[in-house]
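Both complexes shown next keep subunit A, but they swap its partner, so subunit B is in the first and subunit C is in the second.
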Partner chain A sequence: MTSFNVIRWIVWKDFVTELRSRETISSMVFFALIVILIFSFSFSMDQQAAREVIAGIMWVAFAFTGIIGLGKSFSTELQNDCLEALQMVPEAKGAIYLGKVAANFAFMFLVEILLFPMFVILFNLEVVEEISLLLLVFFLATVGLSAIGTLFSALTVQIRAREVMLPILLLPLVVPVMIAAVEATKGALNGDPLAMYEQWLELLVIYDVVFTVVSFWMFEFVMDS
Partner chain B sequence: MIACHGIGKTYGHFQVLRDVNLAIAEGECFALFGPNGSGKTTLLKVLATLERPSTGHFEILGMHGLKDKEAIRANLMFLAHGTHLYDELNARENLAFALALRGHHPTDRDVKRALDRVTIGAFADMKVRHYSAGMKKRLALAKTMLANPKILLLDEPFTALDTAGTEILREYVRERLSDNGTVLLSTHDYDKTRPIASRAGILRHGALQETAIEELQSDDLV
Partner chain C sequence: MTIHRVIRKVQRFEGWFGGGAVLCLVAGLYLGLIGSPPDYYQGEVVRIMYIHVPLAHTSLLGYTVLAVGSLWYLWKRDPIVDNMCQAVAALSAVFTALALGTGMIWGKPTWDTWWTWDARLTSFTVLLLILIGYLMLRTFVDDPEKEARYGAILAIVGFVDLPIIHFSVEWWRTLHQPQSISMRGVSISSGLLVPLLFMSVGMSLLFSYMLMVRTQLLYLDRLLHAKKGRLLSQFHLSKFDS
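Moving on to the complex of A and B:
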């Protein structure tokens, strides 16, 4: 029960501070809009061609905006040495990890939902029938990104070059998520039968479970070191 | 109580603490003096379980400093240089958040009483971003009061506090001591510390030399 309270309060704090400062979400949305606009002007293509490449473009935008949000997740704790207070919480640190994962997931998923209509409009996509499957792919991939990204955000927060180190360390580890997300998104956008790309969804589920559990246990050591 | 046994701390090749032995009983306030860079904050961080000692070990309330961290943290508050406050939250929200993570849920009345006691009750709904350094220090003190810990670690607690704030802090320390609490504070200010400290020590190049507080000379503190 106490752990659940810690999770709840961490999520509440991250939401309230973000609502008031609007630092993280605004920088994520701004960056993603630039990426989308650049790609939309770079390619002039019909709907079929767009369906082939849009999944890759979409996940490049989502992954990099996600890294911006993840980077801020723990750097905001450096203000007034708040990280020390989190380290001194008399509870297993896994609850703090889960609270941070939940907040990071919510910010990233919200930005993806806000940006997706931009892709639909600028690349002239028809997605009404595939929307539920696309949302499932977004959900699973974003859980994976936030699970591993939260751990690395904590790991790099005390490093001087953390803005550089976070993507360098994180991107190689999220390659399976990115490949699975791109393939599953492409399958859903093309209207392929689910059986043709369900193995990618399974990979996302396995990745989410494995990296959430591993990161949960490792977070204690990261916070104590 | 606090007991340090041969605590040493090195960062790379630089030795910050050397064989620190110290025992502070219940109801005692120990003042730690020493020049900048002498290791005062490092010693407090080790005891606050934020830093791991390179050598030696310590006990707090009879609990092992490395094995019983969570239990120690539940009984200890560290009033540090950084105030551990979120700028975007107001005073009430900061208190609610910090105390909830420690498993405390003070009533609105308790929060109001604590904020009034540190004389920032009128600013309870103002974001901490707009607070002065002294107000932040008072809010951090209010948080400590509500947590009511058995062990109190204070890192240069008089910094940024005016005369009234200093007296509020000293009164609170006296209260903790009369309630058998244990206080360890680092400071440069002999005059403000003298009324509350029962014992003192000087850290020089990481080595602790204990001395009676009455015998301290002003040049010892430079």
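Moving on to the complex of A and C:
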């Protein structure tokens, strides 16, 4: 089995598990809906106010649901000692990391695509023509979140209080992603010219590259036992 | 184990670090509080700078030591390096919290607010959160080897993240005065600079001294636990024999 096959099999395995149990994606979507509901109670918003804060609400919901998905990504491997089986894969551990990142990215991105229309409807957003730019922002930010999140999902899975420790460790580290994603989403939703929020997209690209490389390297040490 | 010997050798001079720290801090405080003129704009308020700026410098220095130590640990797996990492993380967290606290006290008269989401304040807060997360993570792992390894991974990822956090928050908003001492030269009068340098050196020496003491303490603690474990198992085995 080559490393590429390891990646493919892990993605396939996660998708099949998800198709059979339908646990992760459904819990992510419902959790996000509850977050939206709570936010709409907390701020009584007219359309003008909604335009100002909607990007922030969106990314809070996406980050929280992402953490649910990331937490499940490795905690399901604890059943039947699957984690030890993964550690025994003879190929480089980085292949497991890339497979898990791909699966986590796919779940999170799918949930974001499902949720976006709900934001549009529930907050009476005007549908913008720049939908491709918005998708680019979602894509880049989700790559960053899943790249670093997968590393910490694997790291926290074998410690006590893992459900608490994952967000505590992850959220301070993804501050740049959150700032850049919120600012870029705000720009894309308002239909601002690209030059106004181009720097945030660049920041996202830099973050994605840096943390895919660093996490890929550090993952070897997480799985090492 | 060479690094082990180096650390033990440096630790023999820890008294010099402590003494130097006391001398520098006393000189710096005398010059800063009594010897130096008040600032033209800020008046007497500026004197908190002699505490605030050295604390901030030292906590960043501490985080650098933590990152280097963590890399070294992942490379060599030397337990005493991990003891040093644990010690330096706790000290850095304390220094960062103190830097934030003195900054808030300084901010009240000069910016007329205790807190503002300015770039450097925000990145220091994130730094403090990462350090606290590091310390919490260590308490939640049972196996000491795993504890050291996971801590090192978090420290390295956080260290790579810090400049990115700083730039992102800087683009987001900025109010803080630009650094007075930078690569481009010094933009601060020498009357204020001399006590600041004394305080910076003194604070770094104090930090090193505390680091050595605490590293030794953690090292001995681990040794004690190992000894205790061995004695207990001998005791149980002897009971089992009879």
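One rule holds in what follows: the second predicted complex is superposed on the first by the 217 of 225 C-alpha atoms of A that agree within 3 Å, B and C clash if a C-alpha of one lies under 4 Å from a C-alpha of the other, contacts with A are read in each partner's own complex, and residues count from 1 in each chain.
One rule holds in what follows: a residue touches a chain if its C-beta (ideal position, glycine included) is under 8 Å from a C-beta of that chain, and two chains touch if they have at least 3 such contacts.
The model shown is predicted, which means the values in this text are computed figures rather than measured ones.
J.: So, does A:N124 touch the first partner subunit B, the second partner subunit C, both, or neither?
T.: neither
J.: Which partner does A:L169 reach: the first (subunit B), the second (subunit C), both, or neither?
T.: In the superposition, A:L169 contacts subunit C only.
J.: Between subunit B and subunit C, whom does A:I159 touch in the aligned arrangement: first, second, both, or neither?
T.: A:I159 sits against subunit C, while subunit B stays out of touch.
J.: Pick one for A:Y207: touches subunit B only (first), subunit C only (second), both, or neither.
T.: Second partner only.
J.: Determine, under the contact definition given at the top, whether A:C82 touches first (subunit B), second (subunit C), both, or neither.
T.: first
J.: Just to be sure I read the superposition right, which of the two partners does A:S26 touch: subunit B = first, subunit C = second, or both, or neither?
T.: A:S26 contacts neither subunit B nor subunit C.
J.: Report for A:V6: first if it touches subunit B alone, second if subunit C alone, otherwise both or neither.
T.: first
J.: Residue by residue on subunit A, keep only those touching subunit B in one complex and subunit C in the other, then list them.
T.: Overlap of subunit B and subunit C footprints on subunit A: residues 224.
J.: Considering only the defined contacts, which subunit A positions touch subunit C in the complex?
T.: Those in contact with subunit C are residues 148, 151, 155, 158-161, 165, 168-169, 172-173, 175-176, 179-180, 183, 199-200, 203, 206-207, 210-211, 214-215, 218, 221-222, 224-225.
J.: Under the stated contact criterion, what part of subunit A meets subunit B in this complex?
T.: Going through subunit A, the ones touching subunit B are 2, 5-6, 9-10, 12-13, 16-17, 20-21, 79-82, 84-92, 224.
J.: Hey, which residues of subunit B end up touching subunit A in the complex?
T.: 48-50, 52, 69-71, 73-74, 76, 78, 80-89, 93, 97-98, 100-103, 127, 136
J.: List the residues on subunit C that touch subunit A in their complex, please.
T.: 74, 126, 129-130, 133, 136-137, 140-142, 146, 149-150, 152-154, 156-158, 160-161, 164-165, 167-169, 171-172
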